[in-house]
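Given below, in the form of structure tokens, are the structures.
Below, chain A partners chain B and then partners chain C, in two separate complexes.
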Partner chain A sequence: MPVLKWWKWLTIPLMFYVVSMGIMGKVPRLPILNETVRNLYFHVPMWFGMIILFGASVWFSIQYLRTGNLANDIKASAYVDVGIVFGLLGLVTGMLWAKYTWGEFWSNDPKQNASAIGMMIYFGYLLLRASLSNEREKARISSVYSIFAFAILIPLIYVLPRFTDSLHPGNGGNPGFNPYDQARYMRPVFYPAVLGWTFIGFWIGDLSVRYKNLIIKRLEDV
Partner chain B sequence: MKYILSGILVFLILNTNAIAQASEIEMADQMRANGKIYVVLLTVLIVLSGLFLFLIYLDKKISELEK
Partner chain C sequence: MSTFQQLYCLIYKDIKVEFRQRVLTATILLFVVSACFTIYQVFFAGRARVNPLVWNSLFWVVVLFSSFQVVGKSFNKELDQQFWYYFFIVPSNLLIFSKLIYHFLMLNVTSWLAWIFLSVFFQNPVKDQGLFAIAIELSALGLAAGLTLVSAISAKAGKNSTLLPVLGFPLIIPTLLFAIKLSINALDALGWDLAFSHIITLLSLDSIMIALSFILFPYLWRG
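And then the complex of A and B:
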């Protein structure tokens, strides 16, 4: 039996619960959305997970800038990697959901556009790291970039779409995702879903961090 | 009396309309009724189990290398 951290063990029952309730659980009968309202447990947690992962990257970037310890930089970059995967999955699942509810894969919804721009900013992070060869330089510049990228991402996807008309719930006068009393039984599945998916992100990120550390160790030994 | 009766009638009509509207919204009721949805549920749970087993396997391998 491998010794895993407690939150990794917790991820497994959480996700089994989320998937079971996601397919079988009671959901409100809403027009247009119909059964697709279940995507709340699978599409939305991608974005929550992405934000939490990018937030973790900011935390470790600050830690790197304060201490100069490269271990923090490895963590900061690994969590951005996983966060980008979550963001891309969020975009693709969102487009699929949009096709069957809003009619188009891409309807230039402010939140769609803003999250696409947000992804571009984080692609810039990958490009920046790939183009610098000096480890210290790479760590310092990308740490600063990660902090600024996050500072732009939050207003881009959480603030600006609320000022204009958007198809997304909670934006442009649309009610938030849980506006109805009948949707209150979605919450006991939604919050575990966010937690479970985020834990999966950190689990993969943790493996990536340890793998990179092993490579560095091997390079030092040679 | 007439008004009360017609009032009740109007209320009933409006009410049945509301009930009818709620059940008019199409959901996958048939799939749930014949139980085939459990096949989908089981498939997804098996896929999820496989992915978790692989994650645990990778975690174990990396832990061994770290020693």
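And then the complex of A and C:
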């Protein structure tokens, strides 16, 4: 009888709380933003989740290069898969939000561009894995690429947008996402949302890892 | 042999091979020249005027595309048995270091060639040539650092020649964007005070990529 780990038990009430409070909870009434401010609970946690998942993947890539244990590589690739899904959802939720607040789906905002480039980098990772057939070689080469790519992704997302004015809240003099400006009663929903979505990401990744392990076990049995 | 002697020998060997088979170098140089001339013809035929910002963008496009020509073929030559020989006589991160310096030198050649030819065909609008030269050098270093490891990866991954641009383009964008910001600074001669933070950022980005290539390359070639 498999038992859920403690953080998986924690995820269930967290997500019920986040989704219900995200849709029905009290939010400030602001011009232009209106109800779209609720996107804070769904769009922003996607990026937190994506970066944490990619970070976990890099950690397992490093572990693979150190130990040569293929179990680490399976984890690394599974977390990248989920991270890409989170990134795409973050892009889509951000674009929908931008349509109603900035007026366009895509407005050449540096953060939008950086996240699109980030997605291209990780699609490259998938392509690289697909073009190699030998398990060991696939694991080794994609680990090297993944570590290198993550080191470039961080300045891309956290340094580059700071050199350019961004339309994003909290940049270039427009108010918004900033722990000091944020309405006090939004914080008790926002932080659990980040935690909950990240846990969901790891849960999906975990399932994917177990599925891949089952396939390997089955191949070995045959 | 000391490390420096080994490094020198490896780079010397690359340059020597390049001069023996002049076709490869000549192809890259002709690529740059014909790219510049084609751009000139396209703008002439389209009756479009090249203002300084357009000139700058064109320059970086030529540099970017020729950089893929430079790094594209260099590891394919090493894939045969010869490489095993190097593997046993020199430390493998020395190999990537030699390749990196070699690519840096070659990218210098292509970048300055593009600079010369775009200045001949169009008027050179750069006001602060010193700052622009720094932008070229730092971007050549960044492109060499970013693309050397990627070209090794794609050479390892097999014969798929489009893999290099697909993996390389997104990874090179940050370097390129900072170099372009720096070159716009040079274009308007905004002065060194404003450019300083860009130079520092570009330098640190370059050093991150060089350090990582150095650390990761031995794992790549081990198998």
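Here, the second predicted complex is superposed on the first by the 211 of 222 C-alpha atoms of A that agree within 3 Å, B and C clash if a C-alpha of one lies under 4 Å from a C-alpha of the other, contacts with A are read in each partner's own complex, and residues count from 1 in each chain.
Basically, a contact is a pair of C-beta atoms (placed from the backbone, for glycine too) under 8 Å apart; a residue touches a chain by one contact, two chains touch by 3 or more.
Keep in mind that what you see is a predicted model, and the values were worked out from it rather than measured.
Peer 1: Answer with clash or fit: chain B and chain C placed together on chain A by superposition.
Peer 2: Pair status: fit.
Peer 1: Using the superposition on chain A described above, determine whether A:Pro155 touches chain B (first), chain C (second), both, or neither.
Peer 2: Touch status of A:Pro155: second partner only.
Peer 1: Which partner chains sit in contact with A:Ser20 here, chain B, chain C, both or neither? Use first/second/both/neither.
Peer 2: Touch partner of A:Ser20: chain B, not chain C.
Peer 1: In the superposed arrangement, does A:Ser107 touch chain B (first), chain C (second), both or neither?
Peer 2: neither
Peer 1: So, A:Leu207: does it touch chain B (first), chain C (second), both, or neither?
Peer 2: After superposing on A, A:Leu207 lies in contact with chain B but is clear of chain C.
Peer 1: What is the contact status of A:Ile12 with respect to chain B (first) and chain C (second): first, second, both, or neither?
Peer 2: It touches chain B, and chain C stays clear.
Peer 1: Answer with first, second, both or neither: which of chain B and chain C does A:Asn69 touch in the superposed model?
Peer 2: neither
Peer 1: Touching A:Leu4 in the superposition: chain B (first), chain C (second), both, neither?
Peer 2: first
Peer 1: When the two complexes are placed on top of each other via chain A, what is the minimal CA separation of chain B and chain C in Å?
Peer 2: Chain B and chain C, overlaid via chain A, are at closest 32 Å apart by C-alpha.
Peer 1: Provide the residue numbers of chain A that touch chain C in the complex, in ascending order.
Peer 2: So the residues of chain A touching chain C come out as 65, 117-118, 120-121, 124, 127-128, 131-132, 136-137, 140-141, 143-145, 147-149, 151-152, 155-156, 159-160, 163.
Peer 1: Which residues, counting only chain A, touch chain B once they are in their complex?
Peer 2: Residues 2-4, 8, 11-12, 15-16, 19-20, 23-24, 29-31, 34-35, 203-204, 207, 210-211, 214.
Peer 1: Flag every residue of chain C that touches chain A in the complex, lowest number first.
Peer 2: Going through chain C, the ones touching chain A are 146, 149-150, 153, 156-158, 160, 163, 166-167, 169-171, 173-174, 177-178, 181, 197-198, 201, 205, 208-209, 212-213, 216, 219-220, 222-223.
Peer 1: Could you please specify the touching residues of chain B with respect to chain A in the complex?
Peer 2: 22-23, 25-28, 32, 37, 40-41, 44-45, 48, 52, 55-56, 58-60, 62-63, 65-66
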